[in-house]
Amino acid sequence: MPIVELHVLEGYGTDEKRRLHTALTDAVRLIVPASPDAITVMIHEMKAANYSRDGKQRKGAPALGDAGEIVRAFLKTMEAREIEAAEAFLAEDFAMFFPGAQPMHELEALIKWATQRYRFVKKAYLGFDVMQSSGPEVLVYCRGTLSGEWLDGTPFENIRFIDRFELVEGKISRQDVWNDIAEVKAGL
Amino acid sequence: MPIVELHVLEGYGTDEKRRLHTALTDAVRLIVPASPDAITVMIHEMKAANYSRDGKQRKGAPALGDAGEIVRAFLKTMEAREIEAAEAFLAEDFAMFFPGAQPMHELEALIKWATQRYRFVKKAYLGFDVMQSSGPEVLVYCRGTLSGEWLDGTPFENIRFIDRFELVEGKISRQDVWNDIAEVKAGL
Amino acid sequence: MPIVELHVLEGYGTDEKRRLHTALTDAVRLIVPASPDAITVMIHEMKAANYSRDGKQRKGAPALGDAGEIVRAFLKTMEAREIEAAEAFLAEDFAMFFPGAQPMHELEALIKWATQRYRFVKKAYLGFDVMQSSGPEVLVYCRGTLSGEWLDGTPFENIRFIDRFELVEGKISRQDVWNDIAEVKAGL
Amino acid sequence: MPIVELHVLEGYGTDEKRRLHTALTDAVRLIVPASPDAITVMIHEMKAANYSRDGKQRKGAPALGDAGEIVRAFLKTMEAREIEAAEAFLAEDFAMFFPGAQPMHELEALIKWATQRYRFVKKAYLGFDVMQSSGPEVLVYCRGTLSGEWLDGTPFENIRFIDRFELVEGKISRQDVWNDIAEVKAGL
Amino acid sequence: MPIVELHVLEGYGTDEKRRLHTALTDAVRLIVPASPDAITVMIHEMKAANYSRDGKQRKGAPALGDAGEIVRAFLKTMEAREIEAAEAFLAEDFAMFFPGAQPMHELEALIKWATQRYRFVKKAYLGFDVMQSSGPEVLVYCRGTLSGEWLDGTPFENIRFIDRFELVEGKISRQDVWNDIAEVKAGL
Amino acid sequence: MPIVELHVLEGYGTDEKRRLHTALTDAVRLIVPASPDAITVMIHEMKAANYSRDGKQRKGAPALGDAGEIVRAFLKTMEAREIEAAEAFLAEDFAMFFPGAQPMHELEALIKWATQRYRFVKKAYLGFDVMQSSGPEVLVYCRGTLSGEWLDGTPFENIRFIDRFELVEGKISRQDVWNDIAEVKAGL
């Protein structure tokens, strides 16, 4: 039965509202064992003139982008080695943590490091999980399998991976990567 | 400014409400760039007699447990090798996916498999991330570092790991594990 | 999807709330083609101190009785010829309109009149329909079949009837009766 | 003091809202002894994008027609013997129950039957009572007096009648008729 | 944390809403010791068709003017001795109460009386305080200092004054004046 | 028709709620020309566990005292020359502004100054006007007439006065006084 009402300043589009509907529904489902069909969300949009804090009329702010889509777009530029485009997704203090590598802060460093591991790699996605952390970071988990070619040209595939991203204000500030590459190599 | 109102049948405790406050606040923050301090949540509890669907008065259901706490408790029993206690956390169709191992369905199988990899292992946690998926599963991501002893008795530590759990109705139905053990071993 | 919220001063019991849930649900269904299961009603009870008009805190009034139950009880006393008990259900200006009879204002007059028509009569009910009119009257329609004995002792049964009652402030102020007695007699 | 708030998907016209105001006001009055002037109804219209169940944005459905008006229009076509037009008001499983007649399912059958009773008949209406039943049926009670000519050409008038209609999804599925025709004839 | 929701018929402009935001915020602050920044006001505008009392759809009325602005404009016309313009601000039963004067009902009488006190006077305002009384009157307090010339041409300044105005339906019905003119004169 | 809903943490008594009802009603009346009888206020009390900002459950604070009552009590102690009791009502930075006197900060200074003006003085009150300013100050206007004895023992009465008080957090921080004493003396 839970009914959620959200009062928010107007200015959000249908897709942004869809994300609000989903996020609020899922928030309730995390605690209340109601069937999703019994969870109603109503968004009440307020004109700026109709809302005040401290007696002062307020304006809304544009919605944050869909962090899952941002990460997906970033990974696509990386796979295509479009470094400049990829860098546009990154926060100032970006850091990457890959298996067996020192922390890296530059995409160029990552690419250089990767050249010692495989000729190329592609990701097939099994799923993206997106959530707001209790801090400023939005978290995106992305998992699936890797395929590509080792340095000697032999192909590989079906190697499990998971990436964890932190985004702040729509920019990627951290990427942690885990995968079974070493496990697979050890078995070769 | 966003204000969230949740109408829900009465019967939830202060801690369960705290989880609702947090989850609803974070749901809004995922899309609306408001400072957390400006996000208000009001929970309106309904007596059963005051709520109806189809004209019929309704009763509420007990809250779902905190999935993060459930996973934490499960991992504690596993670390202590309290297999019976650990099994109580598992769903009927439980499955585990470990690096370099076939899918396993029994904790005994896992323990047997592990005996070929290390004498023992302990987890130090860096963080738990909990979210409701769009399906019935609640997801728990748990990450940190492993320490322990290899089969030859030499110690290891600071090996990164991440676990992904799926819970359905409070029971763990799936565990996916990634870590740098092979990476580290390859470097020995 | 319709959601109805009723704000009302506290003091109503579970059964009175059930009647409110039903009446509000049905009110919506009269216009909105939603499945009943998708119609939610929430009753918000207000303490007297929390509600004001003209800045003055207000008190609630006891609920009106269930008009269908009142009529049913009245008809029971009539069938048992408990005239005094029956009269307690009537408003000052009570009037009855029976087929082929002048308007009557006294139950004694009705009983006298009936003695020229049948020895006794019993009602089997097919249904009660209760609604608030746009005026002060609550309307109760009661229909079913009559059985009994004619003046000559021959029995009759399955004669259709319908009664229409008007109640004001819980008292019956008018009863209109239609039935097939003359039709049946004409066919004898 | 009762205040009713209805949240409903947008798309209803002023007249449909008027019906909602009336129906909700009367629903409250059936139980709460408030003066009608103290009953407030607020309709909150929701854009489709702002409402969800199960996280899915929803669309509204057109309002049901005014059952009283439908019955009134049906009776007008019947009085004018516009059988084809009248049939358009009927549900598939339509049934009629007239005094002294077998159940009928076709308007032609009714007209044929009536030719044995009177040359013609007209209805003068005293009132229509419309309500939603607890089932799918909307009920319309229509009462007044009949006038016309008997088969021998002598006129009659002021004969009481009451009709009870059941409508499902705007179509008339059942008509029950009671009147004093036999009573009056018996008195001729 | 207090959150105020105002449901009101649509038709008010941004500035009128601003006055509502301020008045409602200040009303709460009079009793609840919340920081103004934590007081939220939401104005929900209702279309006429969406609001009813007694089941009847209602229309709104134009907002009352800002009483502070009305008094300010009145005082400006008085200072400029635009008597006709000033009289347009007055209610039928207007009355003035000045120090050392009989009650006056005509601006001309005031002006005549003033000619025996000073050549001219100007007001410098320190502040306007506006409030709704519990009766029909809106109260405006206006205070500051007077400057001008005595009858002998010597200038004066910095003489404290306070005016209290009562307005009914936007018209000034009463003005009470206090000042230190006599005090200052006594000290000359 | 305006309907005001106030959501506030629980903990206020009936009298404090009465003040909220009155203040909110009057706030609306300042702008909306509705008859007071058509203005409804509903106070929704929230349990601390049911309300959050930034996801954190919050507690309420005790209501502010009635500033009109505070000023009335202060004036009573002053009239009785209970200086110690009177001082308990004052803020640290208290200042008084009397006609023909320098600003004073100590009640003793006021009393000493008054001994040069009259033997004693009593206030008869015509009315108290209380309002929240847009700043932290609550304003209390108190007006009426003075009676007492001049220094030579002759009595006086019916001298108009008005006091303006500012209170911050329940303490009087400023008192401005105007009256016709000098005007009256000049006429002696």
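Read from first to last, the chains carry the letters A, B, C, D, E and F; within each, the first residue is number 1.
To be clear about the criterion, contacts are C-beta pairs under 8 Å (C-beta built on N, C-alpha and C of every residue); 3 or more make two chains touch, one makes a residue touch a chain.
As the structure is a computational prediction, the values presented were derived from the model and not from experiment.
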item: Neighbouring chains common to subunit C and subunit D, by label; value: A, F
item: E-F, A-E or B-E - pair sharing over half of the C-D contact pairs; value: E-F
item: Chain whose mean Cα position lies farthest from subunit C; value: A
item: Interface residue identity across copies subunit A, subunit E - same or different by half; value: different
item: Per Cα centroids, the chain farthest from subunit F; value: D
item: Of C-F and E-F, pair with higher C-beta contact tally; value: E-F
item: Chain centre separation in whole Å, for subunit E relative to subunit D (CA means); value: 57
item: Distance from the mean Cα position of subunit F to that of subunit D, given in whole angstrom; value: 62
item: Set of subunit A residues in contact with two or more other chains; value: 1, 3, 7, 22, 26, 38, 40, 42, 44, 46, 51, 53, 55, 134
item: Graph class of chain-chain contacts, one of line, ring, star, complete, other; value: other
item: Set of all touching chain pairs, with the criterion as stated earlier; value: A-B, A-C, A-D, A-E, B-C, B-E, B-F, C-D, C-F, D-E, D-F, E-F
item: Parts of subunit F lying in touch with subunit E, wherever the complex brings them together; value: 1-9, 12, 16, 19-20, 22-24, 26-34, 38, 46, 51, 53, 58, 60-64, 67, 97, 99-100, 129-134, 138-139, 141, 143, 160-162, 164, 169, 176, 178-187
item: Contacting residues of subunit F [partner subunit B, same complex]; value: 7, 44, 46, 49-57
item: Residue ranges of subunit A in contact with subunit D within the complex; value: 14, 17-18, 21-22, 25-26, 36-45
item: Contact footprint of subunit E on subunit B as seen in their complex; value: 1, 3, 40, 42
